[in-house]
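Below, chain A partners chain B and then partners chain C, in two separate complexes.
Right, the complex of A and B next:
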């Protein structure tokens, strides 16, 4: 809900926010126009820098008249969510297990350091060799790039439990299980969510790498095919599509984070506080 | 010197030559502490930092074990945290994802299934500390003083009759602290609990207590016991009385002679 009183008023009574939006739109349009003119006047090689209007044409073609991008988008996003879910759940589960167990922690630590220093993508061809072509190896690649951030963050969240709160729980005679469920895990939620955000962003890169290697279907292979055929306008349309998808995913995660870790924001506390009050009263 | 106090009629908390060392015996946090604390009394532990105040509280709470000597609460040896003893810390240590009332209910949740009676009791306690209106606020929505009140309500919700308080209002500004101290006296009086209150402020220690244990560091020791015969209920004005100032001087002398 907009709260106009909260925003400053600029000159002529136009709200600052509106002015800022207008300014950004102006700059953007100027850049696009310069690109269009540059391309038409021959300053930009049309082979590599297609005209904005040509990109718009491609958008219309791949989304509406030809409509071929939907299938690829569907396939890629399906892989992203499967790989992300599997990879991050694995990361959270292993992270908590290792975090709780001092012995496991010591055992796992060197491997974590090695894995942290290795670019995960480098392992992708090996995974394909091991698992063969097909969805499994693509999901495995995404899992691989998704696993690490949730794993490390969960581990850190579990290990760095607040000493004073732990002392409180001990003084109350809490069991290990109560300490886990009532203190350690809830306290780790924000840092785990931060790991999930990184993982989801990584999974988008992961699916592209997987599809660049196995060019059968998906947005990644579509980009590759368009580029090979020197259909740069369509390739750009695919890339901008990914920009939008990435933005939506990021925003979605941000909202989910605010929803789950509600105690870190005012609106969340107001919402949950009211709900708990209602529950208390009946 | 250690103080085996024979005048105590009904001891609730007792220590016999309690000692605690850390780091393989190289740090003597507490040495040869003997004491008896009377039922329903208010005892202050005062001394500079590092003199073993927190260590003594944690020993009584059963959070750590003595290296030598022994401790009893209600006549039984302390070997682990127990339900008749509860502790409050310098920081409120509230769980940020729980409302005030849910924080107050935590001790009950840990002990057993929460009943309607428990919930009513928790609400009463929040009202007792003046936060009835804020039962469904989260810690981040409360001021430091209010958070500490919630922690106090949580302390009382445990049902323990021995309350250990480790500089509970030490992180608050002086005005808030004085107000909370007055309320604390009213509340523990109402509940009838035995209270051991740690502070490094001599005047605060005397103002609150029936008995003040003055502690000295390196090694941590109970150096002196001061009886505080000031009438109750006490008001802030008592701090300007000659009697009060004599008691303050008395404690200063012990601490100054280090």
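Right, the complex of A and C next:
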């Protein structure tokens, strides 16, 4: 019986990570090939599913030869990050307030839950009417989409603080500020960061809602033009762009999570431990 | 410092000051309409490319939107100076008490229409009775209502379904026979035709001559914004005139400025041809308000149930800007579009 592979090493000496990447690439290419064959053979409706090779052509056109996607991408990403920042700050601040204060929890939480249950697409025109056309109302729409996850996660993180640890802090005479900074926030950060990940990916949906209503520019507006013109290959290129952007954003947030909540992972602990050791030695 | 240097410095300072003053003098005109810069409204794109709006001291702030709030609300609350309204929206806004005037007819041939598949047996809207008709948006219901009324039918005699603007949905509904016809506008058919899905229009002749996408303004703003709106409309008219001089140059301008509508060349060319038919004014003066046409279409609109009352045309048609907007040198525009073509094609 062969010995089990060492950690990080697969069969035939191929590193596990490389094997996984190759397997993912194989699955992806098989799916794309099946799609191409299905489209060419007429099994897939060309009105809805353009050939992958046509989508590749569109990618080249909109990114390189024509280059018209860049300004739309720039506009959409600007809105995404602005709306995410505004929604996150509001969610975390309000979530902390509601978490720490029972009175606020009683009176604010129901309104937030009702707001969450209200479809954003119904509220969006009212926001435009109230705030006017332009970036401000789009950011408000995205903020509304992003706000809930940070709010609810911050609230959960603050409310569900470990009772035993809290008792210990109290018995040692810790001040409220010390309890907040040394206990509540460190305990809540991983949960808050999970909310941030959800919020940032949701912000992409938010920007689409905003741009579908205010159609001046942005990826949402571009998708509408392409679908209206039955140019589905370019529409898919825009949609896949959003998929990739969403994936990168998610991975970026994961990395940020590992960096900020370093005590939750071995690599982070090792990094901070090494840094602190170096500081002490100096 | 020599006198020459002093004079040079003074001249440069004066030039910079003048340039700054000109830049400051730009007045923003906010316009709400359904589409971003598009072949559908090529006079705007051409006017901007050739610098006509800038020359008039106007910066155009386009507010393209698809919102459930009526456009007229945005001119009433001051967010928009001009709103593109169709006749039903105009008359209903007036009946609702909105103090607005129609000051310019962007399109004098209605883009709205009712299309059936090429193979359909329907020859008139009367043949649609008892079938399901697709609407591109809810705004197209009124047009279908008016079309049916011309043949003595009502909207209750057909089933309607809102399909949305998405090309694939419209195309599939038409191709697969999910609907007998689609009530929409010219841009909705272009993609279908360009992709080989044959369509035929059965729009009643009575409805073909109708203003569309007319510019409405708050009465209070007409004097306040006179200079800016006059300049805006003159620049629009110049852009409109340019296509009658050099269509190919206009096509190139559109390819450059709205490339996403021209990735399929045939669709772009078809779009431009249709847009020329709708945008180039048939009146002697560019964008002139046509009292006789508005008087003729309102009874049809009322009979169709699209409006409750007829509004006297003198209550809302206002040609106060038309004379000045139409006052430009056609030969100069011809030279400029040809010069652009020479430099860019």
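FYI, the second predicted complex is superposed on the first by the 237 of 282 C-alpha atoms of A that agree within 3 Å, B and C clash if a C-alpha of one lies under 4 Å from a C-alpha of the other, contacts with A are read in each partner's own complex, and residues count from 1 in each chain.
Everything below uses one rule, namely that contacts are C-beta pairs under 8 Å (C-beta built on N, C-alpha and C of every residue); 3 or more make two chains touch, one makes a residue touch a chain.
Note that this is a predicted model, so its numbers are computed, not measured.
K.L.:
Both complexes share chain A, so when I overlay them there, do chain B and chain C fit or clash?
P.N.:
fit
K.L.:
Is A:252 contacted by the first partner chain B, the second partner chain C, both or neither?
P.N.:
neither
K.L.:
Could you tell me if A:38 is touching chain B, chain C, both of them or neither one (first, second, both, neither)?
P.N.:
Touch partners of A:38: none, neither chain B nor chain C.
K.L.:
Looking at A:133 after the superposition, I want to know if it touches chain B, chain C, both of them or none. Which is it: first, second, both, neither?
P.N.:
Touch status of A:133: second partner only.
K.L.:
Touching A:274 in the superposition: chain B (first), chain C (second), both, neither?
P.N.:
After superposing on A, A:274 lies in contact with chain B but is clear of chain C.
K.L.:
One more residue to check, A:26. First (chain B), second (chain C), both or neither?
P.N.:
neither
K.L.:
Using C-alpha centres in the superposed arrangement, which angle lies between chain B and chain C as seen from chain A, in steps of 10 degrees?
P.N.:
It works out to roughly 150 degrees.
K.L.:
Which value in Å is the smallest Cα separation between chain B and chain C when the structures are fitted on chain A?
P.N.:
Between chain B and chain C, the shortest C-alpha distance works out to 49 Å.
K.L.:
For chain B, which residues count as touching chain A in their complex?
P.N.:
61-63, 80-83, 86-87, 89, 91, 93, 95-97, 99, 101-102, 106-107, 109-111, 119, 135-141, 158
K.L.:
With touch defined as at the start, can you tell me which chain A residues reach chain C in the complex?
P.N.:
Touching chain C from chain A are residues 45, 47-48, 58, 61, 66, 68, 124-126, 128-129, 132-133, 212-217, 221-222, 224-232, 234.
K.L.:
What part of chain C is in contact with chain A in the complex they form?
P.N.:
Touching chain A: residues 30, 32, 34-36, 38, 62-69, 73-74, 77, 79-80, 165-168, 171-172, 175, 187-188, 190-192, 194-195, 259-261, 263-264, 267 of chain C.
K.L.:
Would you mind writing out the residues of chain A in touch with chain B in their complex?
P.N.:
Counting only chain A, the residues touching chain B are 162, 164-165, 167-174, 178, 182-183, 186-187, 189, 262-264, 269, 272-274, 276-277, 280.
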